[in-house]
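Across the two complexes that follow, subunit A remains constant while its partner is subunit B and subsequently subunit C.
Our next item is the complex of A and B:
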């Protein structure tokens, strides 16, 4: 009995330690089911994080949604040769799957076929022509890339994005191995973030007939070649593009990358893929607004409405999800905007100090409302690459002064009050003297005339 | 210069001698009103127009008082009697008072 309780507690602890905010149902599409054996380490990593993997080859019919509900939470494309989507699936379905909040990992290779190219194009990611590879005659791996110089060693300290929310640099034990196709991302698309790019000397060229000399410039070269990019859609669904299925393979996970003339190192691929999948599958860097409070200075409750020029305090609590739990979020760039069509006030919120009991990060500021009445929005619009987009809107009314809330007499206008009064008194005095001041003679004179 | 002095002197003498007392009273009242108006105008130039309604009310009260007093003076001047055959001085003064009441109502309302 005790053992079973212990076991169930342990199981619950394990479940609690998990994992993805979206869910655990994962569909993996492979070119053939034989490829399952290439990625055994990946499967065990994902299952260790409690994902339920469904491994399908591309000839098996599959549907992503049923009755407008997602049947899977995550989708992994490890099928670069896929000429046609499996029956029951198409690009529109995949985009609809993301619109419903599903996350996608799309891995390509030199043989990347049309359907996945077109799908990537929907996200402003353009893979280079078919049968091209990223080649580098300086940074190739001594062992895996000896023949074609197509397995390149990428140094994360200089060729990886510095955004720790996605792949933190200090967690990688060594350089990253890459063999596959390069892509370019539209720099104008602010939702897209390149994570890994090629060394300066690399270029993207056909890897089939290497003996033929090049007769034109490569389409993309050097740092313009993105190797891994990610996108977070406006609904916070995440997608990662990798130019290389080999990056995820057991062979690359356990390789010892060695550049010409360098020492042997440990491959960072396993950790890189772990962090990348954690990010993509919403296991980390997910933010949530826990509470929004606002009140006048010296009060506790939110008023029904404010009055112009009131002093008020705004507080927002944010939590960040990682390691299967919500933690306090820390940042120094959360801003509050007070908007009526235009922002009237924009102020950076200050974070309260965290202590042991903190479960949320609390950001607060005290400000004076503008001298403008109307319906305003208190808005925290916090959008940073790698983090869930936060858009918290609180609508409040700001009233003008009532007629009896103004000062009754304005000291500046006292001369005018005096003048008006003196005109009245003057009239009385004048009338009194005119009528009873002994001026009758005049009137009589007038009458005679 | 001397001529101007002589002319001013004779004007003053004639005014003191020939003008009826009631008109002199109206004149002094008008001078008082005029000075009040000028003081306010100087003040608004220095202090700015901020309570604009109060300034307008105060200034308009002086202007209106001045105009009404001028009307009263014209209508009660014996020399103008031929122009106002139907208007007795009593009637003119009654008009003057009635108009002043209206003016001061408006001013009090507009003062703020």
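Our next item is the complex of A and C:
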């Protein structure tokens, strides 16, 4: 067991060279190559994190895979106007790219064209109609959104998800600026998590002509408008949906958001995008199972099988990847399930205290196995938004009692024991009397006579 | 002169700032709740910032809202937000159409409105929002609360599914088998032993003598046979006892095999000794009869 821990730590150390667990080859699709200059800060941020960027415009043919192997590890769509995919690429290719483990960032704008709209629909994300924008006359930015009130200032403390694994709130220096299109997410899709949503007063409406009043109920309004959402697929590939390409631009990175009647603040966009790309590109919040151990209480090795009602100890070690290294993972909600078709036992594991030498987070529990025999799965099914899904399955057999494993001496069975013993004693007494005892021969003869 | 100039400047600036910081002027805000037939259930003339409390409406009622905007510009947004006052805080935005005269209105039929009104009887906070790109400062008026009755067959709210810790499951072990009272089993243990008492009682009546036993002590061959035979039978019983308590089948069979051979051979001698004794006895008694 120790050897296997060592090996996996070694394997981790090898991977730890790169900042992203998936890899560094990144393809960026832009409407035109002139747009490169809009996002210079983003490029320098990504290159600072060792990513190899390939900047393409949509007219350049490109292929994502060759001989069934990915040619890129990450894909960034900064081409909202893309009317059709570059030659050699289509929606199926992109989904196949994700199925192979590639990560995607998809940024839209109010001009978002059909290909990306349809791609998003595959992930239960529905962008509002073309040429609509998220408008807010109450939370617009005085400088960037003066004309149309379409650049909105979003307060992360109230309108951002509280999941620190994706974007931790305390790392943002200020509010987030957004200008673009809103989308709605299917609430029944548990793989999807909205990260940023619109203020209560916001609504999504055509932003071409604002002279006429919006005289019909908006399709989506308020917090139903998702501005940024993320999805982690079942194979742990990650995708982020942003309604705004401007969010990633130099102008928004360096802006000083100022709401009507408020003080000027610092834009949190740069940090927000940094954390979001770190999450999407698997630079953080990635988990791995390092070791699983189980044994009977008082023993060390895993037995070939257990017996019903055995007391046993289960231990799982988890590591979390961030800043290019594996660290011990900490949580208080890791659960173990004993499953045979249905879960028979579900128990929250306790984490052992970490010390300076800890390389993994160790979660353990001791429990009594159910009085049902069969083939059980010890399963840690740890799925939390923002974290790599963990499904660790150990199959074990649980046997019933053998004939000689039942309680041997029951006080209620004493009559049976006694009768058996009395027969044994009786046999000895009888044979003794028969063999060496005898009636007095004189008495017998006198009686006969 | 300088004073006058600065005064002029101040008034000029003031007028300029009012021109920029123009705000929405909303008047004649009327709120009517009407039954399906058209009967007014409630009518409120609202004036900023007074709020109405404890309004109620049935699921079939119509919520009529009208106002007038006294600005040259038309607002882009003239909407009322209903926010449910429960854990979900669902938001429903209802838009009013504003005519060029500045008059705006909407009729909200709860029966035909947004599905969020049909999740059951809920209380909503109403906020009137007026805004547009032409005027910097928007207008926000908290109108108050309204309770909207849910329809007789409310729809279920699509719950947001997300991964989270599941409730723990504790296995219910089958209860132990019920056992009878130990006093009863004790009584039966005693009953099982009673035949011995009866046996010894009758044997004592028979007046058994252990003459042959005393006799064999003088014959070493018979004595050894007797000890070996009796010992082997006792040994077999001990093996049975061990089988019951701890020994498994195969060692038991081995031991039994050995012991039974010993018992068989020594038994033959012991039994033939018994037979000889009997023959002697019958011969003796025959002699006596003669």
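Following the convention adopted for this analysis, the second predicted complex is superposed on the first by the 392 of 449 C-alpha atoms of A that agree within 3 Å, B and C clash if a C-alpha of one lies under 4 Å from a C-alpha of the other, contacts with A are read in each partner's own complex, and residues count from 1 in each chain.
By our rule, a residue touches a chain if its C-beta (ideal position, glycine included) is under 8 Å from a C-beta of that chain, and two chains touch if they have at least 3 such contacts.
Predicted model, so just to flag it, every value in this text is computed and none were measured.
Student: In the superposed arrangement, which partner chain does A:415 touch: subunit B (first), subunit C (second), both, or neither?
Tutor: It touches subunit B and subunit C both.
Student: Is A:162 in contact with subunit B, with subunit C, with both, or with neither (first, second, both, neither)?
Tutor: neither
Student: Go through the superposed model and pick first if A:66 touches only subunit B, second if only subunit C, both, or neither.
Tutor: neither
Student: Name the chain, either subunit B or subunit C, that contacts more residues of subunit A.
Tutor: Comparing subunit B with subunit C, the partner touching more subunit A residues is C.
Student: Is A:431 touching the first partner subunit B, the second partner subunit C, both, or neither of them?
Tutor: After superposition on chain A, A:431 lies in contact with both partners, subunit B and subunit C.
Student: Of the partners subunit B and subunit C, which touch A:222 in the superposed model: first, second, both, neither?
Tutor: second
Student: Hey, what residues of subunit A end up touching subunit B and subunit C alike?
Tutor: 410, 412-413, 415, 418-419, 422, 424, 426-427, 431, 433-435, 437, 439, 441, 443, 445, 449
Student: Residues of subunit B touching subunit A in their complex?
Tutor: Contacts found on subunit B: 20-23, 25-26, 29, 32-33, 36-37, 39-40, 43, 47, 50-51, 54-55, 57-59, 61-62, 65, 69, 76, 78, 81, 88-90, 93, 97, 100, 104, 107-108, 111-112.
Student: Can you name the residues of subunit A that touch subunit B in the complex?
Tutor: Result: residues 410, 412-413, 415-420, 422-424, 426-427, 430-431, 433-435, 437, 439, 441-443, 445-447, 449 of subunit A touch subunit B.
Student: Touching residues of subunit C toward subunit A in the complex: what are they?
Tutor: 74-79, 81, 83, 89, 91-98, 104, 114, 127, 129, 131-133, 136-138, 140, 158-171, 173-174, 179-180, 182, 185-186, 188-189, 191-193, 195-196, 199, 203, 206-213, 216, 226, 230, 233-234, 237, 240-241, 245, 248, 270-271, 274, 277, 281, 284-285, 288-289
Student: Would you pull the subunit A residues touching subunit C in the complex into a rising list?
Tutor: 135, 137-138, 147-149, 187-190, 193, 200-201, 203, 205, 210-218, 221-224, 260-261, 309, 333, 335, 337-338, 343-348, 368, 370-371, 383-385, 404, 408, 410-415, 418-419, 422, 424, 426-428, 431-441, 443-445, 448-449
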